């Protein structure tokens, strides 16, 4: 049994920020990540981040993991290639490193920073090789250096859809179009403008009807939608592509939280089932915290700040002094700032639905 | 229109330009940032303090054109690649536009390219007169394009051939 | 042949990594150090990793990060290996498996 002050599950932006913060406050931290090289989604983000200086604005995502948390930082142990298998009411967490090394952890506190996973879309042909999640295309290109296909149809004009379209162009792969069912582009307009001036049309009020092909995608059929989200007969168009990329949203990965009994609620603004929590990111279980997309699908900048906040909050309960309180206050102000504009409206209304359920400290 | 296509219309970008007098006086930066998002690296990027966003990082940047001298340091620093520098008096009949560029190939100085507008459509021929590659740009290249002066506020990209975007 | 590999990129650096030899359905293939089984197969133009149970429809990977179960293959006789997260190792024997998962041969 591994006894530790603080266990952090997930080494993406939230997990790394939490680990670094808690360790600097003198807490013994074990961070586990299922990947061989922690960094979560950061390792594929080739674009420069937004936010302000404290959010690493202007820095490319790929360059952030090593700035967030150094593996050799004091008080931190990072175990890569380690998957958490279960989380139990008696406070025990089970894990597997590699294929064979199974062990149990009993932390005083745990922060789940397990991120989110891609949603899927129903249409004939959606099971064909060549239909991939946007994250998958990003992984293939930016992590493994393999071209996903020759010509792509992107479904979804949120930030992920438009950013991955741009990354496809950077890898030399043409994008035939971006289709978005909603009447307006959901992602940042500056991202949209970049691909528009590269000649990629963004078609709002359009959707994919089917993917066609025998052994893999050979073409896709798109159509225009009316105000009731129904496809307009006669508006069908066949697009010549061998890859269909789905960027239709993410859902928080709450399996371990549900297993141990944390209360969750279905909140569409945050991507689906999300954990109830207080302003310190503590869940309905006293020893369990959350940070990052698992707490509600948002953005890497917010994930880093939430990581810091949860790390400080857990540390405060483990004996860290006044500095922890200062960090908590700074993080809350930082999140308010990130979420304060019109694009933060959705997140704010989502979080309100989760915060009533758990008492604040 | 912008929210549906990502393509700014004349009314959008004209509102971003300084006075006619200032436009003739020398190069100026055009911030094609039309949406309140949490983002402020441009404020720190300008060494002369011409860019203001303020406490609330969601504000759209305001440019003081008495201070802006069109140096172009901001162009590579904007995460949205939304800043361009325009010089309406580069040469007789010609203007110059600085654009950010994060693709391959990178054109050579002196190369003739096709200049495109905000919608990706071809506008005119352009000559690359500058290729900036400073370390502080962090892999965002800045290209200076010489274009017929009537296109200086239309040209926002280039085509090098071989692209096959669109249906 | 590395037809589907990125050699030059405006932001990322892709060095030429050492070649790894493996077999797919008994045929010799080459991947690179750092590849997963799925990325190596994809680089070789192999898109179909399995077939569906009832209608025998072709299936490839979907999420590429080990979450969706679309990419399960039999590797060195072990069934249900997630090809998209399993690191490619020299001499690996990679095969498609029956849709029901196949048998582990002890």
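For reference, chains read A, B and C in written order, and residue numbers begin at 1 within each chain.
Quick note on the criterion: a contact is a pair of C-beta atoms (placed from the backbone, for glycine too) under 8 Å apart; a residue touches a chain by one contact, two chains touch by 3 or more.
All values derive from a computational prediction rather than experimental measurement.
S.K.: With centres defined by CA atoms only, which chain is the most remote from chain C?
M.R.: It is B whose centre lies farthest from that of chain C.
S.K.: Across the interfaces A-C and A-B, which one involves more C-beta pairs in contact?
M.R.: Pair with the higher count of C-beta contacts: A-B.
S.K.: Report the inter-centroid distance (CA atoms only) between chain B and chain C in whole Å.
M.R.: Chain B and chain C have C-alpha centres separated by 43 Å.
S.K.: Express in whole angstrom the distance between the two chain centres, defined as the mean CA positions of chain A and chain C.
M.R.: 25
S.K.: Report, in whole Å, the distance between the mean C-alpha point of chain A and the mean C-alpha point of chain B.
M.R.: 31
S.K.: Using the touch definition from the top, which residues of chain C touch two or more other chains?
M.R.: Each of 9-11 in chain C touches at least two other chains.
S.K.: Do you know which chain B residues sit against two or more other chains?
M.R.: If we look for residues of chain B contacting two or more partner chains, we find 102-104, 139.
S.K.: Using the touch definition from the top, which residues of chain A touch two or more other chains?
M.R.: Within chain A, the residues that touch at least two other chains are 60, 170, 172.
S.K.: Quick check on the complex: what are the chain B residues that touch chain A?
M.R.: Result: residues 2-8, 32-41, 44-45, 56-58, 77-82, 102-104, 116-121, 138-140, 156-157, 159, 163-167 of chain B touch chain A.
S.K.: Can you check the complex and tell me which residues of chain A touch chain B?
M.R.: Residues 47-53, 55, 57-60, 151, 162, 169-170, 172, 174-177, 183-185, 188-202, 204, 237, 239-240, 301, 337-344 of chain A touch chain B in their complex.
S.K.: Quick check on the complex: what are the chain B residues that touch chain C?
M.R.: Residues in contact with chain C: 102-104, 106, 139.
S.K.: Give the list of chain C residues in touch with chain B in this complex.
M.R.: Result: residues 8-11 of chain C touch chain B.
S.K.: Residue numbers of chain C touching chain A in their complex, please.
M.R.: These residues of chain C touch chain A: 4-6, 9-12, 14, 34-36, 39, 42-43, 47-49, 52, 57-68, 84, 87.
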